[in-house]
Amino acid sequence: MNRTMITLDELNALDDAGFVRALDGVFEHAPWVAAGAVHSRPFAAVTGLHAALMLVVRRKPQQEQIAFLNAHPILGGREAKAGAVTAESAKEQAGIGVVSLAGDEARTLAELNAGYLAKFGFPFIICARRHTRPSILRELRGRMENSVDQEVANNLAEIEHITRLRLVDRVTGAGMPNVFGRLSTHVLDTHAGRPAQGVKVELFECGAAGPQRLAEATTNAEGRTDQPLLANAPLRIGTYELVFHMGAYFRARGVIAAAQPFLDEVCVRFGVNEPEGHYHVPLVATPWSYSTYRGS
Amino acid sequence: MNRTMITLDELNALDDAGFVRALDGVFEHAPWVAAGAVHSRPFAAVTGLHAALMLVVRRKPQQEQIAFLNAHPILGGREAKAGAVTAESAKEQAGIGVVSLAGDEARTLAELNAGYLAKFGFPFIICARRHTRPSILRELRGRMENSVDQEVANNLAEIEHITRLRLVDRVTGAGMPNVFGRLSTHVLDTHAGRPAQGVKVELFECGAAGPQRLAEATTNAEGRTDQPLLANAPLRIGTYELVFHMGAYFRARGVIAAAQPFLDEVCVRFGVNEPEGHYHVPLVATPWSYSTYRGS
Amino acid sequence: MNRTMITLDELNALDDAGFVRALDGVFEHAPWVAAGAVHSRPFAAVTGLHAALMLVVRRKPQQEQIAFLNAHPILGGREAKAGAVTAESAKEQAGIGVVSLAGDEARTLAELNAGYLAKFGFPFIICARRHTRPSILRELRGRMENSVDQEVANNLAEIEHITRLRLVDRVTGAGMPNVFGRLSTHVLDTHAGRPAQGVKVELFECGAAGPQRLAEATTNAEGRTDQPLLANAPLRIGTYELVFHMGAYFRARGVIAAAQPFLDEVCVRFGVNEPEGHYHVPLVATPWSYSTYRGS
Amino acid sequence: MNRTMITLDELNALDDAGFVRALDGVFEHAPWVAAGAVHSRPFAAVTGLHAALMLVVRRKPQQEQIAFLNAHPILGGREAKAGAVTAESAKEQAGIGVVSLAGDEARTLAELNAGYLAKFGFPFIICARRHTRPSILRELRGRMENSVDQEVANNLAEIEHITRLRLVDRVTGAGMPNVFGRLSTHVLDTHAGRPAQGVKVELFECGAAGPQRLAEATTNAEGRTDQPLLANAPLRIGTYELVFHMGAYFRARGVIAAAQPFLDEVCVRFGVNEPEGHYHVPLVATPWSYSTYRGS
């Protein structure tokens, strides 16, 4: 996994075999994809390189596309556990925790995967880095209702997401694709008419097993966090909670005294549906009121 | 417990022994309290009757007050489990679930109670019907720091709450004390500019063991629930969550389509500190924003 | 104008000529309308009586309808000034101030009315009690673009509004039509977490000649005004301003001290488009923020 | 007035007479102020230069300070009209429009100025560039109630503001004082969940003679205006209105159709009290609701 980055210019300058080798693993067990794009060089943008690679796949007859899909591991399946997948795939599945799933959730996933494979004759593919576990299960259930044609298309669309992310991990240069989302917040104190400084903010991902904390920060003099709460990665499609410790903030400022204030830990539960989007979720609060919205 | 209600007029007309018998159990193992108020009759208001009874207690020397306190059971203690308490006390403690507490929470309560008794020489008393478990533990911890004088006063103040509620269960007539709180909500749809009809609203109490559902309702054409979410009882001091199913509402109206909307189950977490107050907690929402406040 | 009210039961019981006389003036110079509904008696509801009267008009051939329209005075025109209109019509036009219009606005109205009459061959009719001057001029300009058929229909629809209001002034009984709107407000102080008591609220109608004050009130302990700001009449279609004296309120409470606060007279400008609707326009405010919405 | 800027380094390097000449007019008819600071050179910051100059004034006995105050023109008075003031003073008074005041407002100002002069023996001084006409009249009325000592202090504080602004117009270098405020806005469309692009925003100053338009802009793709509405000058203390053309915006997007929408021109009236502050006044709106606050 400790590959060094390669520049787009270097990729353009490699001999054909070198180009194919440099992109090894971007498309799962499919060096023919890179080979098919060799003569489209030079590429002016990384987005153009990715489009050319996908075009090689999309131009194949459906039968070959299905064979290609069948070279992909089953999400959370035996190959992943046994290591018979690309390093990239192993890392991506580990990120979402699907390899280590246990109990009911693992059984559900295994059953749904088996049902999908039985129905379509190829595995369910999804870009795990853009999803949380609940959204993967929801997608799996929903896509089960589709036709073969729709699912070949859906799987290729997911492969487009997967390989775009892999390319960004591998190649640098002009025209990088937009693959990263961002989650930020801002706390306004409208009791005092100024940014709320010193508010502890926690971010949780809501899963079947309860909320899991992803980040914690304290607001600065501008009422913002010094860093976005999430950045430099796709925002996983799913449900989140921002918890703002407003009771502690207003108590520290002497505004409230009650052991049990009306607002203590203000919880904003929201969904992410655009992994590459910017979600700005501000809080405008007094000890007795608050509002929030999808801002910009 | 199947006492029939008695009117204030009837109480005023009873002979002395009858008056004392009629109020049996209002003050724990203390018929002398009612006996001390016999000659203050007739009472024009139930609030006046209660004040007169409390005055009998408050006029006693501290030593006798402490003896009176010692006639009260330990919250969640052995007497409660063994039934050696008044029927009223048993019922009140069961309501909060303290008798059936198990594991860590029961052990913590027992230890704190024992510490309190050891320090002050009388048991910790609290009006359980005005509290949730977390607020009882918080009170117990906080009051442990006080002086004996403060705790005699705090215990008598709690007995005032306890007996006021018991009186209201027993006597009816002019001048009833205000012992009941109310929790209501209202959902406004500012995407469409009208009350949100058909929104499922759930109310949870937040405890150490996670949220426990207390009520569920669906908003009517006015965006309100036909009945208050809580009423006809004190609102227990504690933390609550209102969950508004806005995603389902806006989806049903064709406003949103995404499987993962920005706002789905909108959660408003708030604290109750005035058991006899009116908490109106409205939601003003679009698919992309909401605000809430303590209204009236 | 000092007619006494008549009940629907009495109307039903009158002889035919008496019925026609009793409704004299409801339809402008058109006793044949009441005469045409004589045999539809008895009416169970005032709404039914009104529907029957309108049906008599709507069943006439267009030529007769146009003759009927021509019996109506020109809004703000010479007949109105000379008194050659029904007492009802005179009163209605005076309410909106169109008779006493002077200068540019009167000239504009006269020119538009003349243009309308020249184009369609019958006068522009509008239910003046449901409109402000700016909305009358806007309607006049907009309707000028229509066909004769559309304008016969629009004029009859306005006559339906006019006569419904006249009926309500004349007849009482079961099934009264809904002709009155209501404008109310509510001020919440989310700095203190309670209704804002003692806030001076002013209501203005915005016209070409600047805002004209319609009502003033002070909020009570519930943060509401004792009476609705407008009621017992249609709300005139138009633009309004509510001015909330929040600076004075927060200064009186010791919350702010500056001679020039951030929020002093909070102005909420809004439009009314449903004369028979309920407009509830609350203000949720701190010294540094406010929100408003069409509530219910 | 067409002076070229001088750098702080150049000022430090001038001979004494050159230094005094370079600062001519910063302090009204008082070259002795600059002369008194000659030997404090070199200055490391423009703020330090200004502080040194003010210190020269503040160290004088009150009698000499009063003589200095008497060298200042009366605001809107005869000298200003006749040109017997420094070019700086003439320009500043013209900016606020006080020289060209006519009718009632001019008479009121003249009477108040005369009353002030009669009471204190020196003219009322105020930094006109930090004020609107209403705030000048309010200050004049309010300060009339003070003692001589307070008014010497208040006048010197105003001279500190005046001369700070004059220095910034004259000298550039390290450590510039903060003399400019900023007014910005931001429009969020929570009906669609995105920044509101293409909203026309107008800014008015509210004076006795009605609102006067100061700026107009249209929001960009971020919902902001490309430039702040006010910048590069002190924000004049006073009352303002922001008018957001939300009706046109929502109509253009097909969200509303009514000729008379509930919200058309949304008016936010607010006060400025900190001329050097940043006022961010956002609007979060749907066709049926909006909120605003002092943001950051």
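Residue numbering begins at 1 within each chain, and the chains themselves are lettered A, B, C and D in the order written.
By definition in this document, a contact is a pair of C-beta atoms (placed from the backbone, for glycine too) under 8 Å apart; a residue touches a chain by one contact, two chains touch by 3 or more.
Every value quoted in this text rests on a predicted model; they were computed, and no experiment measured them.
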Interface composition of copies chain B and chain D: same or different, split at half: same
Which chain's mean C-alpha position is the greatest distance from chain B's? D
In whole angstrom, how far does the Cα centroid of chain B sit from the Cα centroid of chain D? 57
Using Cα averages as centroids, what's the distance between chain A and chain D in whole Å? 50
Interface hub residues of chain D, defined as touching at least two other chains: 190, 193, 262, 284, 288-289, 291, 293-294
Under the stated contact criterion, what part of chain B meets chain C in this complex? 188, 190, 193-195, 222-223, 284, 291, 293-296
Under the definition above, what is the set of chain C residues touching chain D in their complex? 135, 138, 142, 237-239, 241, 247, 258-273, 284, 288-294
In their shared complex, at which residues does chain A touch chain C? 190-193, 262, 284, 286-289, 291
